[in-house]
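Across the two complexes that follow, subunit A remains constant while its partner is subunit B and subsequently subunit C.
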Partner chain A sequence: MIIGKSIPRIDAYDKVTGRAKYTDDLCDKNALVAKIKHADAAHAVVKAVDVTEAQKIPGVVKIVTCFDVPRHTFPTAGHPWSTDPAHQDVADRNLLTDHVRYYGDDVAAVIAEDEVAASQAVRAIKVEYEELPFVLDVQEAMKDGAPQLHEKFPNNILSHTQIRKGNYEEAIKEPGLIKIEGWYDTPTVQHCHIENAVCYAWEEGGRIHVTASTQIPHITRRIIAQALGVDWGKVRLVKPFVGGGFGDKQDALYEPLCAFLTTQVGGRLVKLECSREETFINCRVRHAIRYHLISWVRSDGTLVARKADCYSNQGAYASHGHGVCAKGMNSIPQMYPCPNMECDSWTVFTNRQVAGAMRGYGMPQVTFALESHTDDICRKLGLDPVAYRRRTVMPVGFVDEFSKNELYSDTFNQVMDKGAEYIDFERKRKEYENQTGDIRRGIGMSLFWYNTAVWPISLESVSCRMVMNQDGSVQLQLAETEIGQGADTAFAQMTAETLGIPFEKVHVVTSQDTDVTPFGTSAYASRQTYAAGMAIRDCAEAFKKHILEVAYTYTRMQPYLMDIVDGNIIRTTDGRVLMTLAELAATKLYDLQNSEHLTMQKTTQLKSNAYSFGCCFAEVEVDIPMCSVKVLDIINVHDAGTLINPALAEAQVHGGMSMAIGYALSEKMLYDEKTGRLLNGNLLDYKLSTTMDHPHLEAQFVENPEPTSAYGTKSLGEPPALPAAPAIRNAILQATGVAFDEVPMRPHLLYRKFAEAGLL
Partner chain B sequence: MTKKQYKMITCKINGKERTAVVDVRASLTDLLRNEYSLTSVKKGCEVGECGACAVIIDGECFNSCIYLAIWADGKEITTVEGLVGPDGELSDVQQAFVDETAVQCGFCTPGFILEAETFLQKGKIYTDEELRKLLSGHLCRCTGYENIMRAVKKAMYVRNGVEAEQNNR
Partner chain C sequence: MYDISAIYEASSVENAVKLRQEHPDAVIIAGGSDVLIKIREGKLSGAELISIYGLSDLRGVTMGEDGTIRIGSLTSFSHITKDPLIREHIGVLGEAVDLVGGPQIRAIGTIGGNTCNGVTSADSASTLFAWDAVVELTGPEGVRNVPIEEFYLSAGKVDIREGEIQTAILIPKESWEGYKGHYIKYGMRRAMEIATLGCSVNVRLSEDKKTLTSLRIGFGVAGPVPRRARSTEQAFTNVPLTEDLPKEIGRAVLADVNPRDSWRAPKDMRLHLCSVMAERAFIEAARLSGTDLYGKAEGRGSSFMCGSREGQGDTEAGHQTSEAAEHQTDSRENSGTGSTPAACEAGGEAR
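So, the complex of A and B:
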């Protein structure tokens, strides 16, 4: 069994020696350099762009303005294309725009011989604006008379969806119900992958070639073609090693513009590399979502009716749009089933950074709101948060009508048992009751809900190719990308397992090239071990069957009497090795009568999805006069089904916990209310966690193999980032009695809330 | 526009004597990446915030993005490419990063390895708190620093002949 072994990642050697090549490492140093002229207004119409002075700067090759680009619009979201126009992403982008919708929007681009000339030229471009009023807040943007960002979306509402269950209005009339109400606010944050967005493009053979740091090669190729208005086959995209993505690179970023720019300079090589500041301002961010939750419960805590209003700040363009907020909303009735519910989600344009996919896709936001609210209910009724959750959370056997997802195991109780035991929850919870003094400790917890892959919302299609070498080793090709998670290593383990060859004999083609790599929708929705796992198994089983049929020629044994074990063709009846796979592969290829290169390719379509649940427990120390919070201990427990590689799984959890601690305590994009400009778009002022901001991160698992999954797996990429913020918030609540209604709980907010509570 | 100015410098890079004509405005990152293809020197911010471009200069770890190439004149510079032995052997720190699953996307990895290599040369045993402080100039978004800490501690114990603590906490 190679599944379940903590094998070192197959790319680790190359990464510790600097041999792994990322996009910029591969670009010829003589490439032309493109730089973008960003708007210095939050909302404006561009009247004129004067490039006279800029063009005089030595080294400038070409300047392209918003008046020079194709007029048709395109979508950027990294979703599978839909042939049904009603399900296509909103196409609201131009390569450069004369309608500036956020501070930093793209007005013109300079192509120069070097970076210095390009930067100087950008500064020398003069833009004449007609400034328009702008709006940054969702509630303000929805009001009549608010500044309008897009013509087709009145009151800036990109989309509104709802869930109705039972009869909320009637249900709340039940006498004796207790009403618990809260507003919960989450911030705009950025992915902060350490490799900035970067791409380069050139023309060759009458086609446009793009190399880019992207999670989604085939999708990005399609978007480039749509943006430029060329046949999709005229574009080729190559994805080398990627220095982190976290959803930001699940969007077409500047690949379409870079591809366009090469066509403006005769197909010469053009590189477009974002600075860190541009990654903050011009790539994507996580939606800030504001929740209004009202729960009507009986005195024992039984949920009778619940109302949830979700307001999502989309920023200037649609990108992934409403899916993010809607996903979060849809989890509410599933997580804590309730007979009477009214849920509404609004996704609203504002003049802020464009929100797209970010690790968790709406779930970190709703998890903060719902799990904070759940503790608010417990506090009001004097109930134990763990016991209350055991009673009210989704029961075993629950089936979601839409996705057909089913909770097959007693996951929630199992993860809570494990988490509570590790952190000594019951004892500490008691010990920390009724504290006084300046420094207090508290313990809190949170559950989380997640699902895997995107069916039935969108297409789930993965193609897998296996190509055998003369030595019996196999190249594995998938479009499901390695972006740091360790996917390639897990894929190699799966392939070795099913095909029956040693792990070392699987060579994963880690770089995707849309000319060569079979189609797949790639890295998002925590789908890869689940979705690609199915394709790998499908392809490997078909390949094995074919190989054994070929082996019949040389062994004279019936295929059903043979198997491939450890790289050998064996006779199953007595275990005898008949020939090695290497002998078979070479013999067949060089067969003078009937030569064949042993290969297999399959396209696998998924029509299932899987729940992936878990919890977090956190212990904190709050220094009230200092308005500071220290996380003393923290644990995430996940049921991600079978673990393919436990060490890599654990590492995934650490990274998500770290991101969630930042979400809880320090990360927030800040805006200048007067201009709409982002104030802290750099790694100094934006407070990403460092080594000094963490305690030890404990990651544990319960492994209930997922019945719908080829290898028992389900999602683990995004879920680790969900539960820490509400767990920490609930721990602070226990320590201080102060119920925080927003993250991050920075000293500024702690000061305000502690003062309000009379603690200061 | 001011005219470009150049200066000739001589330095030792990964043990090899090198002479280069550099633009006086160029950073050491640019020199190492563009002239010598030492692409382990990563650009994450180019203003000294993230630590991805760190290299060892005369035994000390610096962010090469805010270190002018001309300052490298007469200096000895090491990148992770230079830690690898002639037959591709990994250094103890590199090996610990592989063994402890401290590598994910790999973009911050060279900086962390060089930082650890620098302070581990002092032959001291550091506390967790000291290690966290020593590594705090490097940002990583994938690992939560957990396995990086494990790897650095493992290399530290091995190098100092101390049996590694079983409990990594």
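So, the complex of A and C:
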């Protein structure tokens, strides 16, 4: 068994020695450099762009303004295309815009011989604006008379969906019910992947070639073609090693503009690389979602009725749009079933940064709201948070009607058992009751809900190709991208397992090239081991069958009497090695009568989805006078089904926990209310958490193999980022008695809330 | 790629002074961790630079015959933290500069740059204020010594005159002898941070440890430039050490500080923290001097502090510079990559 082994990742040595080439490493150093003129108004119409001075700067090759680009719009979301227009993403983008919708929107682009000339020219461009009123707050933007961002969306509402179950209004009339109500607010945050967005493009052979740091090569190619209005086959996209994406690169960023710019300079090579500041301002962010939750419970805690209003701040353009907020809302009735529910979600345009996909896709937000609210219920009723959740959480055997997802195992109890034992929950919970003094400790926990892949909302299609070499080794090709998470290593393990060849004999083609790589929708929705796993198994089983049929010619044994084990063709009846795969591959390829290059390709469509659940327990120390929280200990427990590579799984959890600690305590994009300008779009003022802000990060697992999955796996990419914020919040609540209703719980907020509570 | 129009490399201090006279508009660059960021941001784009980084004579810590500790202006933060003279006599300075940025910044950033940058948040500055440090400047007319409090003119402006470069920081013997100090840096995270507030307290106790004979408190970010809590220091000279003393000091410093209200931190929060930090830094400095005011009493003292060095090890960090920029102007948007501090940028801004 190669599944379940912590094999070192196949790209480890190349990455740590610097041999792995990322987009910027590969770009020819003679490339022209493109820089963008960003708007210095939050909402405005561009009246004129004066490039006279900019054009005089030595080294400037070409300046393209918002008046020079195609007028048709295109969508950017990294979703599978839909041939049904009703299910297509909102096409609201131009390559450059004369209707500025956020501070920093793209007005013009300079192409120059080098970065210095390009930067000087950008500074020399003069833009004349007619300024419009702007709006940053999601609920303000919904009001009548609020500044309108897009004509087709009155009151800025991109979408509104709802859930109705039972009869909420009737149910709350039951005498003796206790009402628990709370507002919970989450911030706009950025992914902060280490490699900024970067791409380069040139024309060759009448086609546009683009190399880009993207999670989604085939989708980005499609969007480039749509944006430029050319046939999809006219565009080729190559994805080299990627330094992280976390969903930001599950969107077309500047690839369409860069592809357009090369066509404006005779097909010369043009590079467009975002600075860190541009990654904050001009790439994507996590939706800030505000929740209003009302629960009606009996004195024993039984949920009778629940109402949830969710307000999602979309920022200036649709990008991934309503799917993010809707996903979170849809989890509420599943997570804690309740007979009477009214849930509403609104996704609303504002003049903030454009929100798109980000690790967890709406779930860190709703997890903070719902798990904080659950502890608020426990506190009001004097119930133990673990015991209460055991009683009220989704029961074993629960089936979601829409996705057909089923909770097959007693996952929630199992993960809570593990987490509580590790952190010594019961004892510490008692010990930390009724503290006084400046420095206090507390312990808290939270659960989380997640699913796997995007079926049945969108297409799930993965193509897999295996090509055998003369030595019996295999190239594995998938469009499901390695972006740092270790997917290639897991894919190699799966291939080796099913095909029956040694791990070392699997060569994963880590770079995707849309000219060569078979179609797949790539890295998002924590779908890689689940979706690609199915395609790998499908392809490997078919390939094995074919190989054994070919082997029949040379071994004269019936295919059903043979198998491939450890790279050998064996006879299953007695285990005898009949020939090696290397012998077979070479013999067949060079067969003078009947040559064949052994290959297999399959397209596998998924029509299933899988739950992936877990929990977090956190212990904190709060220094009240210093308005400071320190996480002393923290554990995530995940049931991600079978682990393909436990060490990689653990690393994935560590990364998510780190992200979640920043979400809980420090990260927030701040806006100037007067201008709408982002105040802290850099890594100094945006307080990404550092290793010094983390305690030891404990990652544990419960492995209930997922029955619908080819290798028993389900999602683990995004879930680690979900539960820490409410667990930390609930720990602070225990320590101080202060119930925080927003993240991040940074010192500013601690100061305000502690002062209000009379603790300072 | 940086937008630099010319760079002149000084071969000696005399040569640096000559270059300064020849190119009065040029900006001095040492480690570059501030200057290069400003060039990248466009604020100093196209600048002429005079590099003094090669002047090895300006590196290192020595003690003169009169007991003055001399820190060459190009001495890096990591050097200062590890230097035996610093550790023995003014350990708090090594601890304070160990909170700057991250390890790479501390290896390239210099104490001269940190002070010439003129920012109120510099981790070295509040501590040097508390030590009554003296800044040594070398110019066409020779050497000029300026008390550090006078060296800082206003936010981002220091007293470097035409043709001068800063060559050393001096701590006279009477400033350090018998004193112990503690620095607390307040940040929004525990590494890679600039101070939201810095507080450095030096104390000297009587031999019987019952009387506070001298108190010096330096603050960063409690005003446009680093400052001393003079009225508090005067009020608490030669007073008996009591359990109430730390809180009294904490309250008293409010008369000496004038922090700003900004999006980085509201004024009332900074004022609150001025009190708490002065109190706690005093407790720790007194403890280092041999008096543990509270023992291990729960809920008091400094079991952990945001950004304090305590319990955080050598990789701890902290960022500097830009609170000063904030005091100068609000236009510090798009600042920096996250790495900032320390470098000499006297040049254009010096008077």
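By our rule, the second predicted complex is superposed on the first by the 760 of 760 C-alpha atoms of A that agree within 3 Å, B and C clash if a C-alpha of one lies under 4 Å from a C-alpha of the other, contacts with A are read in each partner's own complex, and residues count from 1 in each chain.
Convention: a residue touches a chain if its C-beta (ideal position, glycine included) is under 8 Å from a C-beta of that chain, and two chains touch if they have at least 3 such contacts.
Remember, predicted model here, so these are calculated numbers, not experimental data.
Novice: Should A:8 be classified as contacting the first partner (subunit B), the second (subunit C), both, or neither?
Specialist: first
Novice: Check whether A:683 is in contact with subunit B, with subunit C, with both or with neither, and answer first, second, both or neither.
Specialist: both
Novice: With the two complexes superposed on chain A, say which partner A:647 touches: subunit B (first), subunit C (second), both, or neither.
Specialist: first
Novice: Could you look at A:120 and tell me whether it touches subunit B, subunit C, both or neither (first, second, both, neither)?
Specialist: Both partners, subunit B and subunit C.
Novice: Which partner does A:175 contact after superposing on A: first (subunit B), second (subunit C), both, neither?
Specialist: In the superposition, A:175 contacts neither subunit B nor subunit C.
Novice: Quick one: is A:760 in contact with subunit B, with subunit C, with both, or with neither? Answer first, second, both or neither.
Specialist: In the superposition, A:760 touches subunit C alone.
Novice: Look at the residues of subunit A and decide whether subunit B or subunit C touches more of them.
Specialist: Of the two chains, more subunit A residues are contacted by B.
Novice: So in the superposed three-chain picture, is A:670 touching just subunit B, just subunit C, both, or none of them (first/second/both/neither)?
Specialist: In the superposition, A:670 contacts subunit C only.
Novice: Give one of first, second, both or neither to describe whether A:244 is in contact with subunit B, with subunit C, with both, or with none.
Specialist: first
Novice: Answer with first, second, both or neither: which of subunit B and subunit C does A:25 touch in the superposed model?
Specialist: first
Novice: Shared contact residues on subunit A, subunit B side and subunit C side combined as an intersection?
Specialist: 116, 120, 276, 682-684, 688-692
Novice: Which part of subunit A faces subunit C closely enough to touch in the complex?
Specialist: For this pair, the touching residues of subunit A are 114-116, 119-120, 123, 276-277, 436-439, 621, 623, 625-628, 630, 666, 670, 672, 677-685, 687-693, 746-748, 751, 760.
Novice: Inside the complex, what are the residues of subunit B that reach subunit A?
Specialist: 1, 25, 33-34, 38-47, 49-50, 52, 79-81, 83-84, 88, 90, 94, 97-99, 101, 103-110, 113, 131-133, 135-136, 138-149, 168-169
Novice: Applying the document's contact rule, which stretches of subunit A touch subunit B when the two form their complex?
Specialist: 6, 8-9, 11-18, 20-22, 24-25, 29, 57-58, 116, 120, 191-196, 241-244, 246, 275-276, 483-486, 647-648, 650-651, 654-659, 682-684, 688-692, 694, 696-697
Novice: Enumerate the contact residues on subunit C facing subunit A in the complex.
Specialist: So the residues of subunit C touching subunit A come out as 1-3, 42, 45-46, 186, 188-194, 196, 263-266, 268-269, 272-273, 276, 298-300, 303-306, 312, 315-317, 319, 322, 333-340.
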